[in-house]
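Naming follows writing order (A, B and C), and every chain is counted from residue 1.
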Amino acid sequence: MFEYAPAPESRSVVDLKPSYGLFIDGTFVDPTDGGSFKSINPASEEVLAEVAEAGAQDVERAVRAARKAYDKVWGPMPGRDRAKYLYRIARLIQERSRELAVLESLDNGKPIRESRDVDLPLVAAHFFYYAGWADKLEHAGFGPNPRPIGVAAQVIPWNFPLLMLAWKIAPALAAGNTVVLKPAETTPLTALLFAEICQQADLPAGVVNILTGAGDTGRALVEHPGVDKVAFTGSTDVGRAIARSVAGTRKKLTLELGGKAANIVFDDAPIDQAVEGIVNGIFFNQGHVCCAGSRLLVQENVAERVLESLKRRMAQLRVGDPLDKNTDVGAINSAAQLERIRELSDAGSAEGAERWSPPCDLPDRGFWFAPTIFTGVTQAHRIAREEIFGPVLSVLTFRTPAEAVEKANNTPYGLSAGIWTDKGSRILWMADRLRAGVVWANTFNKFDPTSPFGGYKESGYGREGGRHGLEGYLNV
Amino acid sequence: MSERVAVRKTYKLFIGGKFPRSESGRSYLVQSSNVSLASRKDARDAVVAARAAVKGWAGATAYNRGQILYRAAEMLEGRREQFVALGIPGDEVDAAVDRWVWYAGWADKLAQVYGGANPVAGPYFNISAPEPTGVVAVVAPERPALLGLVSVIAPAIVSGNTVVVAASATEPLAAVTLAEVLATSDLPGGVVNILTGAITETAPTLAAHMDVNAIDLTGVTDAALATDLEVKAAENLKRVLRPAPADHDWSVDPGLDRMTALLETKTVWHPKGV
Amino acid sequence: MTATTTSARSELSELGRSETALRTFLHGLPGVDQVGAEQRAAQLGTRSIKTTAKAQAIDLAIRMVDLTTLEGADTPGKVRALAAKALRPDPADPSCPHVGAVCVYPAMVPYVAEVLRGSAVHLASVATAFPSGQAPLEIKLADTRAAVAAGADEIDMVINRGAFLAGRYKEVYDEIVATKEASGDAHLKVILETGELATYDNVRRASWLAMLAGGDFIKTSTGKVPIAATMPVSLVMLEAVRDFREATGRQVGVKPAGGIKTTKDAIKYLVMVNETVGPDWLDPDWFRFGASSLLNDLLMQRTKLTTGTYSGPDYFTLD
């Protein structure tokens, strides 16, 4: 046997402070009401740092700072200068990518291989891409004189903390808005390090404000009357609540919400790559991915073969220490999320689906869930309908392309879909019919700053990335 | 010789290409005519008709949609005098025809202007293309009765959406007459459905309906109602177009917003390899 | 072996009887998406193999080396020295294992055989008008028989790429069958020359063709064309031997050859073997590296691990 020795990435590159304040108007300040919470490492449950909890008065301060910066500095600033600040930020992120990657893995639980090879390169690329738009907005196809909206309230999730920050902040700033961003309560640390990068880049005070906190902070922020734009990525339920809360206001809203994507494998698929795509589709980032391919729709005449290959491949997944460079599947982000994954998985078993996981030793401390597949799943099972947001795949079968489309679309969500077949005309036929904002054909879970991302139906509205991503931050 | 007694017209709803009376059997007197007073059930029936029409209309080629919309403009032009007889100024009818033709031409250009290839950093073909969002509920502006109506219907359907329109409550005759134009223009039944009657009765049903993908509140003038409709629309995360300002000038170039607000962007990736 | 694989095996053995059956079968194999295969190979290349795992991997890699010289300038003296090195790669360290085999041209086989006699190091010889294979079949078979007669216990043959690319699969098949027969008890490694096959689909088809015809090993390259072994090509071949064993119960070995020069490269391959076909192939009987300069780098890294200091080329023999 060839056993890989532990290959841990060094933590020493990260210099964590014991506690962090709120980043308002260019400086770190204590919260007005003095509240705080702890951010822990989900792989060990150790406390990483104590983080301030922003209350209503802090939201007020931050929105006021953002407004002032919008009116006095960032709004009037020529696009070419905004661009230079964004380029600076992009470069600083590249320079400090190792530090950011390690901190992301510590706070989130994702494998260092992913934070290093996926998250951080995409974060830097996102700032780099939108930096270039800042002085070209009149050429973006939204009319001759596109104007920024004003102050953007941005609330992001814990699954890709820094990447979601980049998706929110880069286009907002490029378009000339200022922002108040609230990272998720379980993963606030890279956003705070990003605040330091803003300082390092000499970004004018108030252009970016970071408020840490939980649901109440987020609610106070999006409901603040001084906010002109709300951007949210997270669960469909919270998205719905936000959509209600902005009703009757002039706040512009974009939402990137949940999904239950079908990954459709035809009998003529390149099987080995399809299996990789299935694995990447559902086990990438522990399945904490809104566009995860959480429903495998496999053509019945090839189902047995695909499942055999899939199980063999799953047995190679290395679950464990997120900082080990050879880890493929890290820790579940929180106890609460683990509980939700367990509950839905138990429902899958109770409803009669067949559950399988490869043999794997899970660490004693921290939050862990073995990669799991359910076979014999039908559209009526909860695990085929509800977003699990974990490393759990539901396997369904189909007989014809039309049936595949029907099953794929039979969900209130519409974020992404996958198609695996060697037949080009079938790909295009399927892609036309799938009601999803991103369709990956013979690949899955690919992201790029130039490529618009966002959902149909209850997966939200608006697009992030690409030229389209500017639209949500411009008055056009 | 006695004077000829005129044959009067009955103004009915327009649902699924047919002209039914309200299932409730009610009508209301407006513009000196009895006009159907649509019920909640009528609104639901209209959504069913609109949904049934999506597949064919969204699936038609853009060229075909453009041709059909242009045909509708021809028919509209042909009925110019009929609209004038309803009290609509000739200039407004002309503007409505021109607007309709303008939008008709967008059918096979929208995807080129609003979509395109994305230069991703990898060996992938990547393209974004707009698609219709599906069934759109529209609260048409009270006035201008014809130009306002055309300005909200045409941008919604040109991309392949189907609509359920709550017509102007105070000046519904133009809407019913437009329905007659559309019924004779090769437009498949169900693509445009028109409800006359009280907005307060139909719009909340449409806003709350889970099989409606978007709602255009352009014609809602009561702020509290608009808020209520937007709250209802949040239930299935409908795309929402907020009410137009009271002083909105319908004669100016409308831009792309009304079309793009009712589009979804689909991005397709495929590896490039041998 | 289960009843299913037995019957599958006998069905597959019938394929070689007809051009149509062969074509239908080979073209019915699942396609390979180039981008996906290359990404998977690259991802496997990011594994970090350190300390004990690295030491273990280096020794395994040394045991898997087919220490090769295939030059017009090869002489008895040159190949004898190479054979001596194969037996004792690191004269300073008796714990260093010997390599898997020595690989030479048929004319050089007798000289190597003298040195290796009585050892566990195999003697491989390229044959069949290596590297182009552009000779009449009878000559290629005679070449093979001569190598075996001179003492080779492994034959590295080349397939007829021209016939393969022209779609004359039966011709390729028949040549492999004939060479296998001419090889007698010697193990037959079938060189696909993947650099000339151009697509991964072709690599998969050629792999299956070679296995169906009775090859004991499939090998990537002659080392004589610009593109030699690559990770993705080897990945596709590993998937083929995995699937072939599943279908027939027979295990076939894999030998990437050419271009593998560093310990880091070799370890990437071992990781790929480990995670694609598993421990059954992590053995010199089932996986080899066709290489020459690789050995010295493995030895340098091995010394580094045992002594803690980085060594230099002067401390390792140059044969």
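Throughout what follows, contacts are C-beta pairs under 8 Å (C-beta built on N, C-alpha and C of every residue); 3 or more make two chains touch, one makes a residue touch a chain.
A quick note: this is a predicted structure, and the numbers were derived from the prediction, not measured.
K.L.:
Taking contacts as defined above, which has more of them, A-B or A-C?
P.N.:
Most contacts of the two pairs: A-B.
K.L.:
Where centres are the averaged C-alpha coordinates, which chain has the largest centre distance to chain A?
P.N.:
Comparing chain centres, C lies farthest from chain A.
K.L.:
Measuring from the mean C-alpha position of chain B to the mean C-alpha position of chain C, what distance in angstrom results?
P.N.:
About 68 Å separates the centre of chain B from that of chain C.
K.L.:
Rounded to the nearest whole Å, what is the centre-to-centre distance of chain A and chain B, using the mean of the C-alpha atoms as each centre?
P.N.:
36
K.L.:
Taking each chain's centre as its mean C-alpha position, how far apart are chain A and chain C in Å?
P.N.:
Here chain A and chain C have centroids separated by 44 Å.
K.L.:
For chain C, jot down the residues that touch at least 2 other chains.
P.N.:
Counting only residues that touch two or more other chains, chain C contributes 33, 35-36.
K.L.:
When you check chain B against every other chain, which residues touch at least two of them?
P.N.:
122, 124, 271
K.L.:
Return the residues of chain A touching two or more other chains; collapse runs of consecutive numbers into ranges.
P.N.:
In chain A, 442-443 touch at least two other chains.
K.L.:
Show me the residue ranges of chain C that touch chain B in the complex, using the header's touch definition.
P.N.:
By the definition above, chain C touches chain B via 33-36, 38, 198-199.
K.L.:
Would you mind writing out the residues of chain B in touch with chain A in their complex?
P.N.:
These residues of chain B touch chain A: 113-114, 116, 118-122, 124, 126, 128, 133, 213, 223-224, 226-228, 230-231, 233-237, 239-240, 242, 255-257, 260, 264-271.
K.L.:
Given the complex with chain A, which residues does chain C contribute to the contact?
P.N.:
30-33, 35-37, 39-40, 46-54, 56-57, 60, 236, 239, 270-271, 274-275, 279, 282
K.L.:
Can you name the residues of chain B that touch chain C in the complex?
P.N.:
Answer in residue numbers: 122-124, 271-274.
K.L.:
Can you list the residues on chain A that touch chain C in the complex?
P.N.:
Residue list for chain A touching chain C: 1-7, 113, 117, 268-273, 276-277, 316, 325-326, 422, 442-443.
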